[in-house]
Amino acid sequence: MSFDLTPSDDLRQILDAAQTMLDTHYPVARLRDGSDDSLAALDEFGAFDLARPDTEGGAGFTLVEEAHLHVALGRHLAPPAALATAIARRIDPTATAALGFSQEDAWLWLPQPDTAQALIRVGNGLTLAPAKATETTPALGGTYAFAKAPPSQNARRADAATHLVAQVLTSAQLLGVAIGARDLALAYARDREQFGRPIASFQAIKHRAADMSIGIEKVSALLDMAAIATRDASPDAGFLCSALARLAPRTTVETARGAIQIHGGIGFSAEADAHLFLKRAHILRAFLGPDDMLEHKAPLAPY
Amino acid sequence: MSFDLTPSDDLRQILDAAQTMLDTHYPVARLRDGSDDSLAALDEFGAFDLARPDTEGGAGFTLVEEAHLHVALGRHLAPPAALATAIARRIDPTATAALGFSQEDAWLWLPQPDTAQALIRVGNGLTLAPAKATETTPALGGTYAFAKAPPSQNARRADAATHLVAQVLTSAQLLGVAIGARDLALAYARDREQFGRPIASFQAIKHRAADMSIGIEKVSALLDMAAIATRDASPDAGFLCSALARLAPRTTVETARGAIQIHGGIGFSAEADAHLFLKRAHILRAFLGPDDMLEHKAPLAPY
Amino acid sequence: MDLTATQQDEAFRARARDWLCANRPAEPAPYDGPVSRTYATDWLARCHKGGWSGLAWPEAYGGQGLPPARLMLWYEEYVRARAPSTLDCTFVALNHAGPTLIARGTDAQKAFHLPRILGGRSIWCQGFSEPGAGSDLAALRATGRVEGDELVVNGQKIWSSYADIADYQELLIRTDPGASRHHGLSWVICDMSLPGITVRPIKNIAGVTHFAEVFYDNVRIPLTEVVGDLNDGWSVAMTTLAFERRTAALALQVELSVKVEDLIRLADAPAGSATSARLSDLRAEAAALRAMTWRTALREPDTPFDGSLVRLAFAELAQEIHRAAMDILGPAALADPRWSHDYLESFSETIAGGTAEIQRNIIAERILAMPREPRA
Amino acid sequence: MDLTATQQDEAFRARARDWLCANRPAEPAPYDGPVSRTYATDWLARCHKGGWSGLAWPEAYGGQGLPPARLMLWYEEYVRARAPSTLDCTFVALNHAGPTLIARGTDAQKAFHLPRILGGRSIWCQGFSEPGAGSDLAALRATGRVEGDELVVNGQKIWSSYADIADYQELLIRTDPGASRHHGLSWVICDMSLPGITVRPIKNIAGVTHFAEVFYDNVRIPLTEVVGDLNDGWSVAMTTLAFERRTAALALQVELSVKVEDLIRLADAPAGSATSARLSDLRAEAAALRAMTWRTALREPDTPFDGSLVRLAFAELAQEIHRAAMDILGPAALADPRWSHDYLESFSETIAGGTAEIQRNIIAERILAMPREPRA
């Protein structure tokens, strides 16, 4: 059967193993005390070479499995460099890259101890360049720190195929962030009582949670189709990735905002984790870059 | 005291009298059996000459009182020609005009037995021209009928001051339509029981009603300021009318949509009145025309 | 996971396209009344003759037994060819009554009704909702009293689509007055020509008459017309929800995508404009709805309540598209039935078959396991 | 209805503008900690010296007794001059504690506290919320036990803004353990230097420390510090809500308008673009909020709950403006505190002082007279 959206056994196994690794090395709570956020455990797991052919030292899986892994990474707010590195490996098979974007005439990136390069979003393109940790500026209330430098001359631009891969994997992480934020809010709403009942029993909370879940379901279904189309270099890959890149960031920002609101007072404090999901959504959105759906041909055209 | 937003006794008296007249001659229920919707009772009430100086045969009130009268007209879904006529009297003191708009190279208007002219929205302008009831096309599911003709050569364009008056009075009617739709929905929600309680006790309904009321309050407050500024030819009249013209139609369409939804199944049937408010909102929105807030100077600029 | 069409798939698609191109009606479908029935039954009869009716029904019952992937291809070609909307007066019979009889009917019921449905010879309507029980089917009050080998039915139904032109009705009534809420209901085949039935059509806000109120005054229905067991009607009614949502959604979703493409073409908005941004969003949303619909069709046949997510997503997108059309096209849309009629019809999306508010409750309680509200 | 400034009004406006221009601090306000206190109290002291503190307070208590129209003019000039936000650590004392003492305090309480507040010599914090009672003040559990001429206070408060740098607290505690919900509460002046008080600052999502948790371990407060009658604290707490909402809103609303104008200037969006449409909407919304605020200030001093409408409208617009800034300005905004700090702070708008959900309930139940939900 050639039409099949059931996750394969391979995929389930990869995700089970990833879950164990992430629970051990990247629990979200680690970010509260600013612990050293190394890529080592991810590297050892093979996260960055999952989709490379086994003849080239990879695990021989595809972008579809890799996308699902990045959903899990998003849920755990894995280091931003994990996303940049997975994409950068398409340009340089040995790269370990920080995540970055351009602002006017400068590059900003999120430096990390184990990265010597940065993958920078510049308009519609991506470029890989050497980058060290210079003096940093705090961003988003101090949860992130940006390094800043003028654009490097010594940069390599990603090709069109890598651009699509970047849209898929970044959206996958955004989806994971949305799921993580929604689940956090649900857990809180079931525990927290006001006016003598759990706030999860109020329609305002329920309906918001339902809307979050519809958004998550949309992005999740679209992610599968876009990942399959990109893997197979289908003619509609550009269309699907573009749709995904348009929906994923707004769904995640909206879900994370809702998660803070559902938490009430504690959601506005840095002691709950809800804000970490919101801030990561903004970082990933900035890295995903702009997109215009209308530039593509519709898959079934002409109607 | 020169800063005063309390309705005057004059205004209260006018509105009381108008209410009696409207309840008698223009109950919303009249529209269910397509009764002849004459302007006679409004004309006799003096609705079209309220703001004209008494030296010119008017009642000597101002645009502020007239705006409040049109809110009441909107609540009762008074004939669209009542709005057109009130504005058209600024161009021709004896006019009785149908309401219309342009579409590509044609004019469309809502003919009425007692109108011989039509006030047509053409882009950013308004133009008054002779117009008779030609063959008509049904519009909005048959609730309205449009007459259609090529643009008349024998037309008079409204000046800038009349343009502001049109924004104020059309927005006033839109506000009335929103209030009418909201009140209808509230009355239904208090009566209708589901799952053993009035649906008005469910948060989903309550919060929607609260949002409707916030929208109504915004437009209502803005209407007063815009009407005062237009009456007094204040420098910020253009800014305020523009803000009003931007908010009023969307508030009313949104409120009328919500009113249908709150009614559930009966709201989707032509037997409830909710749809009449929605359709009127679309007619008034089309007549109000486009607007761009950013063309104006902000009242307190430079900041 | 794979979405590659095989050579056989492509051949099927080409066959469907050719047939649809040669056979689809030239005229658009009438909105209501007997002419709409004739139009719809003629079209279904022609499909049946061509071997294209009951596509998802088992072959044993005269259907084509197509797997979901083939159904997807068919509906994509169907809508692309601008064939009549599947949401016409044959919808209830093909997507609801027929599959219910297949799953729960007696041999005699199947033998009589299924061929009539597939051939476009009988039209069905639904008789679930009542004036006091819109979204709350457990509050149904219409009764069927057992007298000998008959049920004597009294009461009232509402929102019964096409009841004015239907031959049969799926009727859900309370047959055990002692039982409460979901218990004691029965699912009965009601012949609409029986004495004691009065149909009062209800005009909707788009000015057309799909809906009707139906009144039952001592209507005598033989007990042989009960489907499933007496007093087990709730479980019978639930049987086909999944079927309806899975297959019907495939066609409707493609219809929406085409609407968006039509609007994009018509609006011709400059790049970077507010209108272009809004259309870009709608296109992305339509792509997401397609992905959700495919996922539901290709992956999750046994999870009945996941349907709520895709159903609500569909309803809201349908409204959003028509609303955008009214905003973007301006006065031109008011007298153009392609847009204003469909806009007004789209209001039913978040009402019919359970309001959006009820759908959100279901998603929250059944999928997200959030606690119920305290009962009054 | 009239909104014409008289010659005297214009003269007042010019005087305000000149004074603000000459006196407003050159440096922006620090976000938190003792430096923020020094900054705010220095500024208030300077305003006091210039005759510009306690503008809405009665003259009998050292205020300026300005009518609402003059307050509007003042705050328009205040914000236009980019004077420090009024929502600093002096806010609770000026807009809440002071007016409460004026309305319900004893002569001794007034004589001691009011001059200190106006002169910037004492800072107050609020002590209403508790961990288990966020939006539900009737569920407060912190207790004050009467022992002789003292209250012995035990329990915990949360979301107490500036408790780490405040001198006094408006403390709402349960003094009659037998009474339930709104009854049996008392409003007490709590000296923050008393033994038994522990303050634990809470960092917010913008990375700054306004809030704190406050713990009370047998804190002994003289009964003379009770404001209003013992066990009548609920009515005391309600006294000043209207005052706060009417006057404080005037300044905050102008701040929002300026934000919108700043964003319009910075975005420099081409006409017809998606960004320009969004900014156009924000400008219209800001104009509407101004109209609502003026209406509240100039027309309805005696309708306390109408405040909910303007309050929620303010909260949502504030969030919408900052959210639009993040969307429009892109990566540049992430490391620019003017936008990202204020964006993160704006999340408190729909939470602090009753969530947006609670506000909507209040609007529905108190203004629209919709029925309450059944209690659990």
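Order of writing sets the labels: A, B, C and D. Residues in every chain begin at 1.
Convention: contacts are C-beta pairs under 8 Å (C-beta built on N, C-alpha and C of every residue); 3 or more make two chains touch, one makes a residue touch a chain.
Quick caveat, the model's predicted, so the values are computed rather than measured.
*Asks:* If every chain is reduced to the average of its C-alpha atoms, which one ends up farthest from chain D?
*Replies:* Computed centres place C farthest from chain D.
*Asks:* More C-beta pairs touching across which pair, A-C or B-C?
*Replies:* Spelling it out, more C-beta pairs touch across A-C than across the other pair.
*Asks:* In whole angstrom, how far does the Cα centroid of chain A sit from the Cα centroid of chain B?
*Replies:* 48
*Asks:* Using the average of all C-alpha atoms in each chain as its centre, how far is it in Å between chain A and chain C?
*Replies:* 38
*Asks:* Starting from the mean Cα coordinates of chain C and chain D, work out the distance between those two points in Å.
*Replies:* About 53 Å, centre to centre.
*Asks:* What's the distance between the Cα centroids of chain B and chain C, rounded to whole Å?
*Replies:* 38
*Asks:* Can you pull out the residues of chain B that are in contact with at least two other chains?
*Replies:* Residues 197, 201-205, 207.
*Asks:* Considering chain D alone, which of its residues make contact with at least two other chains?
*Replies:* 276, 357, 360, 373-376
*Asks:* What topology does the chain touch graph have (line, ring, star, complete, other)?
*Replies:* Topology of the interface graph: complete, with all chain pairs in contact.
*Asks:* With touch defined as at the start, can you tell me which chain D residues reach chain B in the complex?
*Replies:* It comes out as residues 1-6, 9, 67-69, 72, 76, 79-80, 82, 254, 257-258, 261-262, 264, 269, 271, 276, 279-281, 283-285, 287-292, 294-295, 298-299, 309-310, 312-313, 357, 359-361, 363-365, 367-368, 370-374.
*Asks:* For chain D, which residues are in contact with chain A within the complex?
*Replies:* Those in contact with chain A are residues 129, 132-136, 139, 158-159, 202-208, 211, 326, 330-332, 334-335, 340-341, 344, 347-348, 350-352, 355-357, 360, 375-376.
*Asks:* Mind pulling up the chain B residues that touch chain A in the complex?
*Replies:* Chain B residues touching chain A: 202-204, 207.
*Asks:* Touching chain D in the complex: which residues of chain C?
*Replies:* Where chain C meets chain D, its residues are 270, 272-274, 276-278, 373-376.
*Asks:* Of all residues in chain A, which touch chain D in the complex?
*Replies:* 101-104, 108, 121, 137-144, 146, 193-197, 201-202, 204-205, 257, 260-261, 264-265, 267-271, 275, 278, 282-283, 286
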